[in-house]
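Once you scroll down, you'll see the structures, which are given as structure tokens.
Both complexes shown next keep chain A, but they swap its partner, so chain B is in the first and chain C is in the second.
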Partner chain A sequence: MDQTTDIKIVSRDVHVYYGENEAIKGVSLEIEDNTVTAFIGPSGCGKSTFLRCLNRMNDTIDVCRVTGDIELDGHDIYAREIDPVQLRARVGMVFQKPNPFPKSIYDNVAYGPRIHGLADSKADLDAIVEHSLRRAAIWDEVKDRLDAPGTGLSGGQQQRLCIARAIATAPEVLLMDEPCSALDPIATAQVEELIHELRENYAVVIVTHSMQQAARVSQKTAFFHLGLVLEYDETGKIFTNPDHEKTQQYITGRFG
Partner chain B sequence: MSKHIVTAFDAELQSISTRISEMGGLAEEQLSQALEAIRERDSELAAEVIAADVRLDKLEVDFEEFAIQMLALRQPMANDLREVVAALKIASTLERIGDLAKNISRRATYLNENQPIKVSSSIVRMGNQTRLLVSEVLDAYAARDTALAVSVWTRDVEIDEMYNSIFRELITYMMEDQHLIGLCSQLLFVAKNLERIGDHATFISEMIYYVVEGRPLGDSRPKGEPLGELPLPRPFHG
Partner chain C sequence: MDRNTTIAIIVAIIATAVFGGSDIVALIRNPDGYDGPAMVPATLLLIFLLALAAFTVGRAKSVSAAGGHLENLHSRPAYHGLYAMLWVAIAGFGTFVVMDALGLSYVTSLMGEELAAQLKAGGREMLQIEQNLVLQDARRIAEGRVASAVDPLREYLAATFAEIDGTRVVAVCAASLGMAVLAFFMTFAKIGVAFRARNSSERILRTILLMAAGIAILTTVGILLSLIGETLNFTIGVLDWRIDKFLFGTTWSPLSGVHSGDMDPDKVGAVPLFVGTFMITIIAMLVAVPVGLFAAIYLSDFASKSVRAWAKPMLEILAGIPTVVYGFFAAITVAPAIRDAGAWMGVDVAAQSALAAGVVMGVMIIPFISSLSDDVINAVPQSLRDGSYGLGATKAETIRQVVLPAALPGIVSAVLLGISRAVGETMIVVMAAGQGANLTINPLEEVTTVTVQIVMLILGDTDAATAAGPAYTLGFTLFVITLALNLVALRIVRKYREAYD
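This part shows the complex of A and B:
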């Protein structure tokens, strides 16, 4: 494509089990830095489950077991010495439904930097909050009411606030699980524009059910089906001439 | 290819092929009649071809609207997307073939008012060959037959060679007898139009290949030599 890319995350033969049920059946994937990677596939294909492996969100589910290797910058993120909380500061996440804390707009963004001790002073913290809100393209809309509750914002604003919160800890990777499915088209466009800008500094991985959204925002697309990645390629290739019959059927809306 | 979950989408895709075939049939008929008007020195038929061109133009405008609606409303992907985009390009190519057939008919009107010369029969042969390629490429489209499409694509070189030979012949006539310049120029335009139609047929071949295979056919198509050496004018003796 237009710029050289380094590999940010490598997964090798990753399996995920929920009790007896094998949700991911051996996924090996390389996720590039400064690239938006889209995961697409029908419901239950494992794309969200796999996304959650990338910052160990699945650790919170008792019956969930992950095997195989996932490396961030060459280091195993499931290694004994890795603190999942520290990991999640490096690998941020934005969810389907905007979920701001029941706190002020300011405190929503300041929360992560505070618990990770990223600011030495109030001025530092102010700067991080402003920078994050600016990066999330919501600063102008909230700068005069930073003390107002985050839950009082519109859906689209809440989602951008959550993105600001996710990037306040200066992560390297941003995981987004259907970040626009609860948003109207204008808010969606704003978030997509934001994703486009975030790519300069982060590896962004987005799970989406919208083919058009995957096509619009990503450079690489992985097609998940029944716990496997059937096809992983340049987004332009996937949407004009996919190699796999199942990919073709899925993206063109045919019976599979 | 399995069916779409939304059945109306399948119906619209089917309609694309039907409309292209209809336009193709009309373009082929226009070409056929234009050639007949030349062969039979039939100015009345030539006038009919000229008048009928608006039908093809109308079909193209309608098709374009239909295809743009489909892009906007269905947002086709992968092979469906290739199908719609290729059809848009094929439709405008067929419309141009129609324009060239009309232009040939215009020349026919002039030619019919003058003495026939020997080269006319070479042009008729070239016309038949061109029409055959157009007909075959339309069959290839209807059947999504890439082998036939590639065959048309490679055989256009024969048309190019016929054109070059007619070109040389006409230049020779014009140098021999300057009274023939007007007539030969008209014939040259007819030959050039046929040569262009052959090129359009190869373009449709490329579109068929793209629809089916998802990648371009490439640019290694055999082409006729550039005109090469022309007969030299006789030295002028003052």
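This part shows the complex of A and C:
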């Protein structure tokens, strides 16, 4: 497959502060389009924090302050004229814990298209919902009970529903924060398969604690450590021949 | 002082205070002028001291029984002390209470006989009511209080009363002190290395707690039974089982016929009262629900931490204002203002109106709705909000489409609780809604409510027994309504809790 590897997101010297506490201490990264980028690193090193900068989810946290530049397609997303609400429609997010709305499966998926007016008719909306559920590999399981509450699904189904919900908004970038941590191996495999497919249309950024997962699904990997990116390279290189000693220790499980 | 000692002393103090209450209070209030039997507080104090002594002695005995090896004791020393103390207190105070009550009724019957004998000797006749009054006066005279009248008969009876009652007090005090001392020695004998003082004293404490719970439950059941009893009386006696006349009749004037004879079952139609109640409730909820809900949304999703920190307590202060204050606020400020506003617009508004009462009642209910709704809105997980924001929803969209639907069951139950308060509220409507039972759905007119009519029946100058029938029946109906509302609300809340746990 011939992939164009345009740069989708550029971050330059990003610092994030929670009150006095500096959680991200100057991160510069380029995230490529049509690529799966994995963030790995020990707990508390700031992976989620950095990920949440990319769609300005950190705005919802009172004490959080972000400095530095983050550009999406060459436009500063923290610029005054950018509306974070519109930004988040372009940069979708899937959370660590499945969080379906207490609505029907259909309404969960239709939520984004409805608020953004993506569908002109009921038939349109039906099509978007079906397409999204199919892409999230959950259509066959739920097609007969689209009116059932989304909260009634199993954990793995809920997570795929959340992925469908994120896809339905037709984002350009999909951010996934440990999307498989609540899933069994089968559901994990399905989600990984999905991520693999998503890459054709999106830039995907995934935070994971599983080295195998990072190796399986990603093309680029960033190793975070204490609020810094110590190493960012091709996934193959990171996992076979890392430059940094800390990376080596982390991926081989001898971290300490 | 360890925990058990503290508990022991608190129990003793409470027991003394409860059982010797009136005398001790009188003694404390006015130590010089105390003219009740000084023996009573002295006895209670002695029992109290004895209980404390039992604690110390019991503990000491267990320590010495252990002979320096405290680990040999089944129960820690404090439990031995607690055990002894509890028994001394129960024996002493318990005997006091029981003997006091029995003694008093015995004295009363003796006095009754004495009075009868006196009347017979003097060849006089006296109605039972008058006899009771005379006996009451005799007692008042004996206790140095003001009697309704003073005559030789009363003074003679007073002297007799003082004599018999003096004996009673001595007997009661002696018996209770005796029992306390007995308990002191019996428990003391029991204390030893193997004695399971912890289990025993915990059993006693558990029984005390059980009795407290029992009192609360029995009171509820008692009130309920008397409500049901009087309601049945009324249903059978006045309505002759024509419950429909009460539930669907439209004329409320229950006391209009009582002077000429019986209550007229055609004039106890409660419809005007219920219509008035519901109209005022609806007005109140029209005020309270939007304001309360919006306040809750503001507090939970928009207010900064610092604003929330003072705004929430402020709202809760509103809940602490006595309803009587709201009542005269409604009657003195709001009702005339509404009338003036009406006059200005050319509308005729009554001096007391459903609107005034309803609006003020709504203000009263705002904090209930806002505080409960704020809790349930806060309980909606942040992850749901994040999910919505992550899809590019605005704050308003998130609140309207995710947060409120998720919190809806809780909000509904908050509203139901608000309604049940509005239905049962009395003070505001008594002052601001009016008393005339006219059947209307015009909020600008004077209306009356169930609670207002109960007040009028009970406070009116009709004989209480006659007025009680309709009053109890109204009360019972109201009780059933609020109970149903509360049950539904509780059920919804419970269901809602399960959804996120």
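Brief remarks follow.
Methods note: the second predicted complex is superposed on the first by the 251 of 256 C-alpha atoms of A that agree within 3 Å, B and C clash if a C-alpha of one lies under 4 Å from a C-alpha of the other, contacts with A are read in each partner's own complex, and residues count from 1 in each chain.
Here is the rule we go by: a contact is a pair of C-beta atoms (placed from the backbone, for glycine too) under 8 Å apart; a residue touches a chain by one contact, two chains touch by 3 or more.
From a predicted model like this one, the values you see are computed outputs, not experimental measurements.
With both structures placed on the common chain, the touch criterion links A:97 to chain C but leaves chain B unconnected.
Contacts of A:211 after superposition on the shared chain: chain B is touched, whereas chain C is not. Look at A:166: by the touch rule set out above, it reaches chain C but stays clear of chain B. Looking at the superposition, the partner that touches the larger set of chain A residues, chain B or chain C, turns out to be C. Applying the stated contact rule after C-alpha superposition, one finds that A:239 touches chain B and leaves chain C untouched. Of the two partner chains placed by superposition, only chain B is touched by A:248; chain C is not. Common to the chain B and chain C interfaces on chain A is no residue. The touching residues of chain B, when paired with chain A in their complex, are 1-6, 9, 75-82, 214-215.
In the complex of the two chains, the chain C residues touching chain A come out as 304-305, 381, 383-394, 397, 401-402, 405-406, 499. Here chain A touches chain C in the complex through residues 55, 57, 60, 62, 85-90, 92-95, 97, 99-103, 111-112, 115-116, 151, 162, 165-166, 169, going by the rule given at the top.
Listing the residues of chain A that touch chain B in their complex gives 211-212, 215, 239-242, 247-249, 251-256.
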